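As structure tokens, the structure follows; a few thoughts come after it.
All chains are identified by letter, namely A, B, C, D, E and F, in their written order; residue positions are counted from 1 within each chain.
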Amino acid sequence: MIRDFAALSWPDVAGDLSRNIPAILPVGAIEQHGAHLPLTVDRDLAEGVARAIAERTGAFLLPACGYGETWSSEAFPGTLSISPETLRAMIQDIGRGLIGMGIPALITLNGHFGNSGPIALAARTLLSEGLPVLHLDYPGLEPLAGKICTSKPAGPGFYHADEVETSMMLALRPEAVQMDRATPEYPDFPPTFGQEPFQLREISESGVFGDPRAATAEKGRMLIHGIADAAVPLIDAFLTRHGLTTTQG
Amino acid sequence: MIRDFAALSWPDVAGDLSRNIPAILPVGAIEQHGAHLPLTVDRDLAEGVARAIAERTGAFLLPACGYGETWSSEAFPGTLSISPETLRAMIQDIGRGLIGMGIPALITLNGHFGNSGPIALAARTLLSEGLPVLHLDYPGLEPLAGKICTSKPAGPGFYHADEVETSMMLALRPEAVQMDRATPEYPDFPPTFGQEPFQLREISESGVFGDPRAATAEKGRMLIHGIADAAVPLIDAFLTRHGLTTTQG
Amino acid sequence: MIRDFAALSWPDVAGDLSRNIPAILPVGAIEQHGAHLPLTVDRDLAEGVARAIAERTGAFLLPACGYGETWSSEAFPGTLSISPETLRAMIQDIGRGLIGMGIPALITLNGHFGNSGPIALAARTLLSEGLPVLHLDYPGLEPLAGKICTSKPAGPGFYHADEVETSMMLALRPEAVQMDRATPEYPDFPPTFGQEPFQLREISESGVFGDPRAATAEKGRMLIHGIADAAVPLIDAFLTRHGLTTTQG
Amino acid sequence: MIRDFAALSWPDVAGDLSRNIPAILPVGAIEQHGAHLPLTVDRDLAEGVARAIAERTGAFLLPACGYGETWSSEAFPGTLSISPETLRAMIQDIGRGLIGMGIPALITLNGHFGNSGPIALAARTLLSEGLPVLHLDYPGLEPLAGKICTSKPAGPGFYHADEVETSMMLALRPEAVQMDRATPEYPDFPPTFGQEPFQLREISESGVFGDPRAATAEKGRMLIHGIADAAVPLIDAFLTRHGLTTTQG
Amino acid sequence: MIRDFAALSWPDVAGDLSRNIPAILPVGAIEQHGAHLPLTVDRDLAEGVARAIAERTGAFLLPACGYGETWSSEAFPGTLSISPETLRAMIQDIGRGLIGMGIPALITLNGHFGNSGPIALAARTLLSEGLPVLHLDYPGLEPLAGKICTSKPAGPGFYHADEVETSMMLALRPEAVQMDRATPEYPDFPPTFGQEPFQLREISESGVFGDPRAATAEKGRMLIHGIADAAVPLIDAFLTRHGLTTTQG
Amino acid sequence: MIRDFAALSWPDVAGDLSRNIPAILPVGAIEQHGAHLPLTVDRDLAEGVARAIAERTGAFLLPACGYGETWSSEAFPGTLSISPETLRAMIQDIGRGLIGMGIPALITLNGHFGNSGPIALAARTLLSEGLPVLHLDYPGLEPLAGKICTSKPAGPGFYHADEVETSMMLALRPEAVQMDRATPEYPDFPPTFGQEPFQLREISESGVFGDPRAATAEKGRMLIHGIADAAVPLIDAFLTRHGLTTTQG
């Protein structure tokens, strides 16, 4: 059973409040992911991974923040970016609600690189208000991808609409994947990449970074479960560091 | 077919941009809805109604803003409110993204009363930046509810976890409804209600406002389709007023 | 005698601070009111009604916030709107000053519809800082107007430069009313009215909503006193709810 | 005749818009002024002086900003300060409204020292948006006071509840002055005065700075008219500098 | 020895924290200073004077805020102004850091007129958070300049790129002064100067206000030491007022 | 010759404006750097490296932003952090000044990790306002350090008060280094490091991360020049990308 806010009523939540259970918040993005994937990939994957972590830890699974900070992809139609300030405010508001109801810790599970900065700042603010926040991207993904996937990434730690993300989507929402449209593209990064504001469309035709063709649902499941497995000890360390021993029913 | 961002890729969106198609954004909330309904009711219903409207109009269906402004219910655990400023910023950021990609108009479909103010202010800002915004709650709901439902509402236009919302949830997500827990409650509103800040828990034991017991999925379907039908002429009037003639494929 | 800040010195205020007396703040607007009324109607009426309430309750009568949020009338010259943020900040700053000096509660008496949202948000903020705020518009106006006035309103609860407001101005500032210029106008509201940002000038030639011709000072006095009478039990309920028993000298 | 927004209707304003007429905005404060003067002195005097200037120049007389920035007097009950940000926002919002309706310049007439900084910043912002702003305090007051009044000021340019302000109030609102309570006080300013944040109550028992006992209505009239006379050439220079030649009817 | 943050390590600071030592923060500006002086004059002088004060008082000498609010000089190339909000935020952030580490008071030493308002507001905020702030410009400069310098200032208290500032630069950074380019200029101030936003370049060809030709390093040293000597009793009065008796090692 | 704002007068800057010369802004921090280094290391190094780049490129060398975002070190006395918002505002204000005077591009040279996020956001804002911004940390440092230094870093890309920074300080400000106090420390990073807000003092006694003992001025010179050499082709690529061909005199 998962403690999923989409299934729980308020008395369900109230009944578990004495157990020191943390909450996990998927943070996604609405952003282009090539021609073969829908715009909600980062939200869908963050939800899927967060769910797998909630299964392992008993954490409350919160509804996703679906929108994220995707400025760099705005030149691709369909991308809908919120500002870093708005994203940070969202996380802080949600965290304050958790404090208000007595949930003792928050884990954010982030599916999009551009969200990292705002989440980290929100975490600082929330910590100062009494809520420890662990902000995870996909822990352990780099070694996992190296083991499970056969194509090489477009750059170190850069997985976007490639074998990794496509496999995870095949595992979670296969009906939304059009493998017949999947094509590889390895963009040529300019020397100042990462050191000046940059629209990715300048270097990408398709929006794919890497090669999605070898993606399979099975690889996706292995990635999702591998990431969730890697998250568990981090969460344990985090909770222990803050003196929180979860008492599950 | 629905133009659903959760199914479309960016070339799909790009291919339709010349057609003057508006976008519809469901705006929900995470808020207590009694013991028989999950915390995501307002998000789920806003999505369901927005989907029905998208079916009728061909509008792009955007991913929902799941979180809303639910200050008045914060005393019930499980409620997670974002501030009016954050909600307004979300809508504005999304609207700016639509402007950027060339979508000519936005329709918001709001499932929660507390969101109305911030959405209306965002609409003003976006209009001044070139994006007309029609902000709908559930158009036509009051007469529809009067016709379809047998229980009386807790107050004029006040439908919360009652026969109306429970029926709509039974139509959309029956697995998330626990009818055996459904109980009626008609709170006693104090004379200053609506004229001072007020936590609803002060006047409600259960979080239900009205009587959900007569809810059925069939009533829910009638309500959803009735609302969507009522929305269509409003959207037509709105688009016409702004000189937008949709060209659908 | 009225405890009017325009007549009291600081030792006068200081001398009454132990008596748990609330303050009442008129909130007006600078906005077109047809050809027969001056731009300050909403401020003048809010002051007049607030004064009548102060007479009945002994509340401190604060100087009016003369400017209000009148975005919808900006297309009429003479309208001077402040933003909702500015209005909210004004109310909050004033409320903090009241907290600082030890006044235990605030009643806002609002004469303009557009101010309601910002005032309600300020009320929430102030309550969280320790100051209960009752935010009244014109309590009881709708039934009173139905009884006292002969013309029908332009819409439900919509009184603007009509028999109601003109009568109240004739009672308070007859020298500022030019009845010879008073003409009726019943605008045709478009179907999306209230659901998209809208400049009222699009549907109004004169700026009058309704028919001011039957206005009289006597009707105005009855309206003002009727509203003030309706406010008293609300204020009593409000103060009681917050444990404040006023001790008048 | 004065072009007073409290007497004009919107067609009156509209009819004069082609004449390049500036607007004058009194900016006051709600602040202690000893035992013999009401809390609204700064608002009342700013209005009175602005009115005298409007008489001489034909400028539109705007409703006063009654509240001002009076942090330094907050330790005296009855003082109600708004923040510098709020005051600046008020002036900016009003200025934007003037731009919107086509009024070509703004003159602020400020009755309270603490308002000067926020007004000057608002003036900068408005100038960058196309509205020249002349921000006057009481021009020529220091030589006038030296000539007309017999008591010495509490400090250079420091007139508060003294012979100057009391005389002006006697000229404008004699019914609000209680001369029998008027007592002199010459506070001892500490060496760091003006160089650190400072509550004036620390150095003043009565709230009077100077000696109000010799005040008369006649002196007040001479001061008000003297200030207004001194303002006229400044306004002429200001309008000329910005290429604005007023065409009065 | 000076307690200069540019020379101290963190254990050095930590070791002195029990001694109630205040910190002094030079606040400068990057602004045109004629053809004979570099753009950093206000920063350089503020640092030099602050250093002389730190020598006399044992205060921690903080690194300068080099950038200041120089809007009025922006029409001269090389001027780089920060907004008043940014400057205020800088001072507040630094003050909060001092509170965090246990330094009990802050003295700001400001070298540029435009900074005064933002610093004074920051001081208020910091005082409310527990940090007393004394905000000095150049105390005693006016009489000192009258005694030491032979040229007359461009206006009362107006010293910019003139004999005063040039002398001080000759004392502190002679290599950065080009006396062969020093020329006098006495601008003609328009009647509305100081009462409307104004770019100084409109009235100045050279950027010099006054006559720098008689400047000498010796005069500069006398000015700097005279200012520092005048600051000491102010600082003593300030610390005493706040119950802070410095214990120097 | 270097185009250093600390040596140039405004006519010097004005005379070069037609040459398309970019500006370089050092961004530092006030932060603990062990017992052997002063609190200004990051500012001093950023200035030194920026100066070396200005020598190579002819760029205008701007005065440093001395203060930076050092939240993570705030538990060490002497650290003075400004907020990310303040830092971002500083960079934006400075960039706007450059736009105003006609300087066509900005290069930031950042000496402290915590500044990266705010600088990148400022760069985005400034680009949207017309100013391309290249935000460099120490380009090429990692391979250079590997070649020049003998001690191993505390973590990948983590150089703080170690052989790298100490060597650079010995090259730039040897009088401020106390090598007799230099001691190594290799902290043990917890598993959640980088994934939750974290005060570095929890894992560090000395504030040193690595081993500074082998530092020499010669190594420092090699590092500084190596970084500056690595920056030149990045700057060339950046300027070329934005169509800016510098014309040096």
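FYI, a residue touches a chain if its C-beta (ideal position, glycine included) is under 8 Å from a C-beta of that chain, and two chains touch if they have at least 3 such contacts.
Protein names from UniProt, one per chain: A, B, C, D, E, F = Creatinine amidohydrolase.
Small disclaimer: the values here were computed from a predicted structure and weren't measured.
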Within the chain touch network, how many edges lie on the shortest path between chain C and chain E? 2
Same residues or different residues: which describes how chain D and chain E meet, taking over half shared numbers as same? same
If I superpose the C-alpha trace of chain D onto chain F, what rotation angle comes out, expressed in steps of 5 degrees from 0 to 180? 120
How many Å are there between the centre of chain B and the centre of chain D, using C-alpha atoms for each centre? 49
Which whole number of Å gives the spacing of the CA centres of chain A and chain D? 57
Could you list the positions in chain C whose residues touch two or more of the other chains? none
Graph class of chain-chain contacts, one of line, ring, star, complete, other: ring
Report the order of chains around the ring; begin at chain E and proceed in the direction of chain F. E, F, A, B, C, D
So, in the complex, the side of chain F touching chain A is made of residues 71, 84, 117, 120-121, 123-124, 127, 132-136, 139, 190-192, 195-197, 233-234, 237-238, 241
Show me the residue ranges of chain D that touch chain C in the complex, using the header's touch definition. 5-14, 17, 30, 32-40, 43-44, 62-67, 74, 76-83, 85-86, 89-90, 93-94, 97-98, 100-102, 176, 178, 181, 207
